[in-house]
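For clarity, chains are labelled A, B, C, D and E in written order, and residue numbers in each chain start from 1.
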Amino acid sequence: MDKYQALLWLSIALFSLGLLGVILRRNALIMLMCMELMLNGVNLSLITFLHRSAVAAGGVLVFLTFVVATAEIAIAIPIVLLLVRRKRSLDLDVYTDLKG
Amino acid sequence: MAESTMLNLVLFLPLVGMALLMLVPADKPQLTRQLTLALMTVQFALTAWLYLQFASDATGLQFETRVPWIAAWGVSYHIGLDGFNVLLVLLTAFLGPLVVAGAFSAIQKDVKLFYSMVFLIQFAMMGTFVAQDLFLFYLFWEAMLIPMFLLIGIWGGERRIYATIKFVLYTAFGSILMLAAMIYLVYSLQQSSGLVSFAFADLYTARLPLEAQTLLLGAFVLSFAIKVPMVPLHTWLPDAHVEAPTAGSVILAGVMLKMGTYGFMKLGFPLFPDATHLFTPVLMTLAVVSIIYGACLALVQNDIKKIIAYSSISHLGYVMLGLLSLDILGIQGAIIQMVSHGLVAAGLFLMVGMIYERCHSRDLKAYGGLAKLLPVYSVFFMVLTLASVGLPTTSGFTGEFLVLLGAFKAAWPLHLSGDSFPLVLAALAVTGVVLGALYMLRFALGFLFGAAQAPHQPLSDLNARERAILGIIVVAVFALGLFPDSAMRNSEGAAKAYKALVTTSRLPAGAAAGVAP
Amino acid sequence: MNSQLTFSAMLPEHLLLLGIVVLLGVEILGKYSRLALLLAVAAVAAAAGVAASMYANGFIGAPFPGQFSVTPPMMMAKAIVLALALPVLLMSRDDFDGGEFPALLLSSLYGVCLMISADSFLIMFLGLELMSLPVYALIVLAYRRPESAEAALKYLVLGGTATAMFLMGVSLLYGGSGSLEISTFATALSATDLMSRAAVVMVLLAFFLKGAIVPFHAWAPDAYEGASVSVTAYMATIVKAGVLLAVVRLFAAAPVVSPVADLLAVFPLISIVWGNLTAMRQPSFRRMIAYSSIAHAGYLFYALLGDGPGRFQAVLFYVVAYGTLNVLAFAALPANDNDAERDVLDNLKGLWHRNPFAASAISVAMLSLAGIPPFPGFVAKFLIFKNVLAAGYTTYAVLGLVGSYLGIYFYLRVIQLMFMSPDAMAARAGAAGDRPAGAFARGASLLCLAATVLLSIFPGWMLDRM
Amino acid sequence: MLSLHILAAIALLPLLGFLLNGVLATELGGNKVGKGFVNVVGCGLPLAAFLLTIKSFLDLRAGGYAPIIEPVYRWALIDGHAFDITFYFDRLSAVMTLIVTGVGSAIHVYSTGYMSHDKSYGRFFAYLNLFLFFMLLLVLGRSMLVLFVGWEGVGLASYLLIGFWFDELANARAGKKAFITNRIGDAGFLLGMFLLYQALGTLDMDVINAAFTSGAAPVVSASLVGILLFIGATGKSAQIPLFVWLPDAMAGPTPVSALIHAATMVTAGVYLVARMSGVYMHAPEASHVIAVIGVATAFFAATIALVQTDIKKVLAYSTISQLGFMFLALGVGAYGVAIFHVVTHAFFKACLFLGAGSVIHALSGEQDVRKMGGLARKIPWTFGTFAVATVAIAGIPPLSGFWSKDEILWYAYASPNGGAPWLWGIAALTALMTAFYMFRLLWLTFMGASRVDHEVAHHIHESPVSMTGVLVVLAILSSVGGALSLAHFLEPQLPLPVVAEELHHLEQPLVYVSVALALLGLAGAAFIYGGPATRAEGLRARFASAHRLLSGKYFVDELYDRVLAKPLYWLSEHVFLGLGDRTILDGTLNGLASLGQRTAGVLSRVQTGSLHLYALFVLVGIVIALLWSWGGGRG
Amino acid sequence: MLILREPMRVAMALITTMVSLGAIYGLLGVHFIAAFQVLIYVGAVMVFMVYVIMLLEVREASGNRRYSNLLIPGVLAFTMLVGVLGISVWRSLAPTSLPVVPEGAVFGMAEFSTLFLRDYWLPFELTTVLLVAAIVAALAVVKVSRRSHG
């Protein structure tokens, strides 16, 4: 197993762990962090390939990912704050008014 | 050119009517009614003029209009009259004013909407008959569903929601499959000949392997058989009829059911002759089963609308039998039977509506001796009953007689060559004549005769409007019974064309076996 | 770099951007809510007009080679999407005052336009995010309903997941080909190595998620219900349109072959059935439309099964038809001070008597969505299934059609409620306090109605131009 | 011009009467005209038709009996097949038309008296005229199509007239029964007609006959055609197995029974077979069936008539029995004789029915012979004519019945086309019974002590001249009708069987036997019913079970009900409606609908609102899709 | 970080992960990105996150309420995902399929800057649009939350 493959395994694992976190963690903030973890996993993969192929576009995409991640968090945090105010809880299982 | 304009006018007049109705204030129902009646009458007059102009000896379409519509798909706005549809168009236009007039007193709620829907249905039915392009046909075919849905659902009886949903879902199921088959057919035509067209005439040239024909025919048959309806796809009909307002029942029985048989005649069978040939025994059996099954069920109903509904199933079985006999007599009989049933069932439903307006009951057992209470009503009822029974001199006889004669005529040579099945079917179909008399006379017996009783008394006999409506129908019934020749002269060419199409094999040249669709 | 070209090729986008900036200015200056709305309408209308005229002139250009280019069909798509946004803007008048809504909407539209013209995954990614991020906020904007924050969070988390999936797929594509041009996707479609496959699947699934295809649909009903009506309308029409147009762009004219083709058929097929069935039992109009949109996403993705050149046309026409009617349905909904009451289906009972125009408009929308001729929904569906059949996927086409049959019931149920409810029940529903939609919303529904009528009568005119 | 359409005029005159009376003299037109108008139209037009018929007959004779063919119009021309409405007037039609218009007119006149107190006077005459119209179509039509129109039409008129007093549900029900039973026969008729058309391409009966007699190779089995057409005839002419409707048909007003159910309509079957003699001559099997059915019907109906107590029922079974005789004649090839009997039977049976009507009229509606007796003095004209007709039907010379019946018996014995001694034997026995039950009727009604109810007895009165006059005319015709010797008149058209030379010596003895039998019947009836009442009672007591069987009419009605009607209703109600429509078809549908609803419920429960679950869907979806992408298409 | 109970600890774990990733990037020679990783993620996002966690002080319920009730299916599916995706990549990416390029040379800050302003000018500019939109969105949400309490 060479360096790239190891890195890719890691990247996939991070991505999947992030998704698993979304499934498992009840705390809304932790869930958001798990989303970040997913993006980090993807970034790792991008960087790996960037390094491997030396085409700079990947770097740009990583940069964009940073921006987007920031933007997402910037919107997500106020939403969570709103929810917490209303429900007095960060527990996602409480946020099930919409269903059916 | 001017004449084809006339056909367009006839087609679009109901839409104009709808637009005009929108201008009428909602608090003037009487004006709405009169306007509708006037327009419908004009439509009938124009149609009658077209009918008189129709050249019975010419072949091909008359009053044709063909304008590209969705050019990329080869869809055009293509309408025209041939011997097939000219009678049905006339029937549709004929029933229009009667339906409208028949609903004058029955419909008091949402009058404007009601007549708008009637206009819409009229438009769609007319369009279905005159369309000469499959896409257009399908549009009209489907467009009819919704006004009917509303008609039953808004002005219907107690279980109207169930009935109307059942009606729509049943019909729509057939349509969906037809849609798939239609697309496939057009695509196949394109594959085989490079022709991108939905025109009937072009589709008649499509050559398909037997497997494909079978599947496509199956889809078309399902769709049309539901509409006809043929047993065992009929259970929507009694419910729809029973719950529908009178106008709905009249339209349904008078015209809409014919669209199923018309579909078979114009599309189902001629498009897939080889598959049709293969499945004729099955379809014929179903037709005969419909005749007998419908009659038997009519025999044990106590809801007067249901009796007529089931009788429709039985009567349309004759039409199917005639079409499948592939004998000109039978085909002509089928056409006449369609028109006849349109008149008779429409008349009977109108009459049921009239009594329902007076008594608010459809229970046969609640009635009796109406001949005493409503002598004039009873006379008309008797005439229509006898027409339904198929008594000679009425239109019902012309249709049934020719259908049975044609079926027998076609079956006998087969019998001599060893295939007795069609003969058995034809003979069984004749028992329908007995059963028909049985259920209709049972109806008349309980309804008109015996000790006088009605759920609501005193009863007033038919007023002038009602007499006029029924009188017109009765005259038409006798006209078609006594002088069917002019009608049949118009349809003869079409009947022959149909026969030629259905009896000419259209497997791909050199019929490479095993070419799966 | 040709700045002239840069300017003109991106003119619609520039107009949107200008609109955003001016709106922000107005917002800072104070409360000129009606002015804000008018400004937004003007900006969108101008952008749409420019896009349309550029389409008409056959404008072709690539101001940023490899990143962004325009062709007449793209312009057409932009014009259509922007035009669809107009009634949404108009109907928002009943829900929102203030400049946030128009500003966010314009940003989101900007994203859609980017996606349509993207030549590289960079731009597409940006467009995707630019389209989605404002929507998260838009959902929350309807804070008259407490559930909307929940809806936004769900959408955001799953949307973020979609972003990650998209990026994962892109990164694998990038790893395989060393390029971020979107053409790598089409190339990978026919590749047989597992990484390309995985890349294609990840990207596709990301779009499935954004477009709400079962089993990635679960956010949609909740988000649609939690949002206010105009936002729901926006999500159901333009966001979906953007997603699909992007996908079509990705697929280009590449043929789809077996494993991917099966994915493209089976997931949408399940969506069609699932959406149509589940919609039967929904108590709320928005939620019902959400499930309906899941089914419609199924049809839309079906379009990709068709042969290459026809896909764009099929999707675009579907977007036009479906978008117009969805907006029509939402715009015609009677207004209510209580947003949650507004779309309780039972409150529609007897609507015909209270508000005939609304009832008729909603009926037209429902029938068309159900695919009943002669409304444009039928032609749209016809086109898609025609293409699918022509591509040889007979079984899938028939199954899809049968699945679409399942949907007829719940559309009719709406009509049934409006027209056929017994008077007593209708009266009770009338007590729920709905009132006619405002003048703007009425204008929006008239606009859509007119478009519907035109599309019904002259579908060929539209099709010839796509 | 008129002469060209004289036949059409004959048929159309009664139709005009129907329309005039039907519209103007009923509720339809508001009852605006008086009885006088009804009488003029109702009786005048049939009389005019009768006169025209005579004129036509004279024309026919003047033309040397060459058939008069009168095309009216073309009903349909389909694919080169013409269906023409054409009238055809030859000896046979002439005889029938004369009877129909003649006897018909007489009965119309009679009805003006009989029905004078009925509130639906106009309607009655309208129906009667309608009947005449259809009956004339039946006998005048050249094509089987026209015949069939008339055939069904008279059925309709019969239906309407049987149920004329529809307040009583039983009357209407009897009408329905008549119609349905006839329809069963018609189904056979239709099949026979189709078969002929299939084979010959025409429905013109003279052409069909010619085709068969010309000796060309048989294109179709004559026997099959014959049997099928005969099925139609059994319906209309009340033969086994379709005779059950006729006794019930007595529910109609008595003139109707006389006209339709005795003189004319019920003989349509005989006419049909005679008309199609060309076919039957080449269908020995069918003819044999006809003869057997005929004689059996004659016998069984006569036995039933022995014990009936309703005056009209006796006559009804007598009619069935006499029709059986006619079919016997047809079956042995003596077509002309059958028609001869049709004519004489029309005279005397009409007379009998009208006489019975007069009795009923006198007794204010009483029909039970057990409540009559001793009426001879009180209504002498009725009695006299009734007695003459009774003698005629009993076959006592020289009255008309003797001549025709005797010829039937003779050919039943001697015809080379199926005649046999056993046929003669049964027929002769039946003739004996005929004499017996007719004289029994005569005695019970007119002789002996009066058993009339007290209050009715006061009102007994002789009928008006309009009725008695007709009775007298018919009685005269019954007496002298035998002189017509119609069989020989018709012989050029309907050749009589050529009896073998060696049987000729038997003719005289057989005549004596039959006359003796008739007298024996008379004597027996006189002995049993002329004496003390105990004699008849004793006889009944001794043969109690036989009596029950006979008065129960062999329980045929009950049998049919159990074997045909009940199963049909059961099948329709429980199998088709219950099992088929409700359970299988609607059950499946509703099941599918509720399955859809339930699935929808399950699917919406999946949507729990939990973001975790949604994310899990996504994860699982990805896994499935990726695994799938490994699958097909590799390599 | 998936098993820790306290949000703050989770945040710390995430920061650790991110810094580690930054280190990896650095080791790969993509210093520019590594710097951004640390600056943006750790410096901005996570600080924000930590701040919020401290602000809220809402404690997640202890004990078995840490995980949703989808633990087992979730972990199963997770395992499969890692396996499937990993194998897909692993099987296709032969170790020597592409030449290993010289490290460091092309990924310097200068090169990126040039690239951004030349080839990737548009994405770069659009980033600003995105950020504007995000700010508007965030402000809108904040405004809503203020309104709902005001």
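Here is the rule we use: contacts are C-beta pairs under 8 Å (C-beta built on N, C-alpha and C of every residue); 3 or more make two chains touch, one makes a residue touch a chain.
Given the structure is predicted, the values throughout are model-derived calculations rather than measurements.
Path length between subunit B and subunit C in the touching-chain graph (shortest route): 1. Any chain touching subunit A that also touches subunit B appears here: C, D. The greatest centre-to-centre distance from subunit E, using averaged C-alpha positions, is reached by D.
More C-beta pairs touch across the A-E interface than across any other pair of chains. Here the CA centre of subunit A is 26 Å from the CA centre of subunit C. With each centre defined as the average position of its C-alpha atoms, the distance from subunit C to subunit E rounds to 29 Å.
With centres set at the average Cα position, the gap from subunit A to subunit E is 5 Å. Subunit B and subunit D have Cα centroids lying 37 Å from one another.
Multi-chain contact residues, meaning those touching two or more other chains, occur in subunit A at positions 8, 15, 19-20, 22-24, 26, 31-32, 48, 50, 52-53, 57, 60, 64, 68, 71, 75, 79-80, 82, 92-93, 95-100. Counting partner chains per residue, subunit E has residues 68, 70, 74, 77-78, 81, 84-85, 88-89, 93, 98, 119-120, 123, 127, 130, 133-134, 137-138, 141, 144-145, 148 touching two or more of them. Taken pair by pair, the chains that touch are A-C, A-D, A-E, B-C, B-D, C-D, C-E, D-E. Against subunit E, in their complex, subunit D makes its touches with residues 610, 612-613, 616, 619-620, 622-623, 626-627, 630. Residues 19-20, 22-24, 26, 31, 92-93, 95-100 of subunit A are the ones that touch subunit D when the two sit in their complex. Interface residues of subunit E facing subunit D in the complex, by the touch rule stated above, are 68-70, 73-74, 77-78, 80-81, 84-85, 88. Residues 604-605, 607-612, 615-616, 618-619 of subunit D are the ones touching subunit A in the complex. By the touch criterion stated above, subunit C contacts subunit A in their complex at residues 120-122, 125-126, 129, 133, 136-137, 140, 143, 146-147, 149-154, 156-157, 160-161, 163-164, 167-168, 170-172, 174-175, 178-180, 221-222, 225-226, 281-283, 287.
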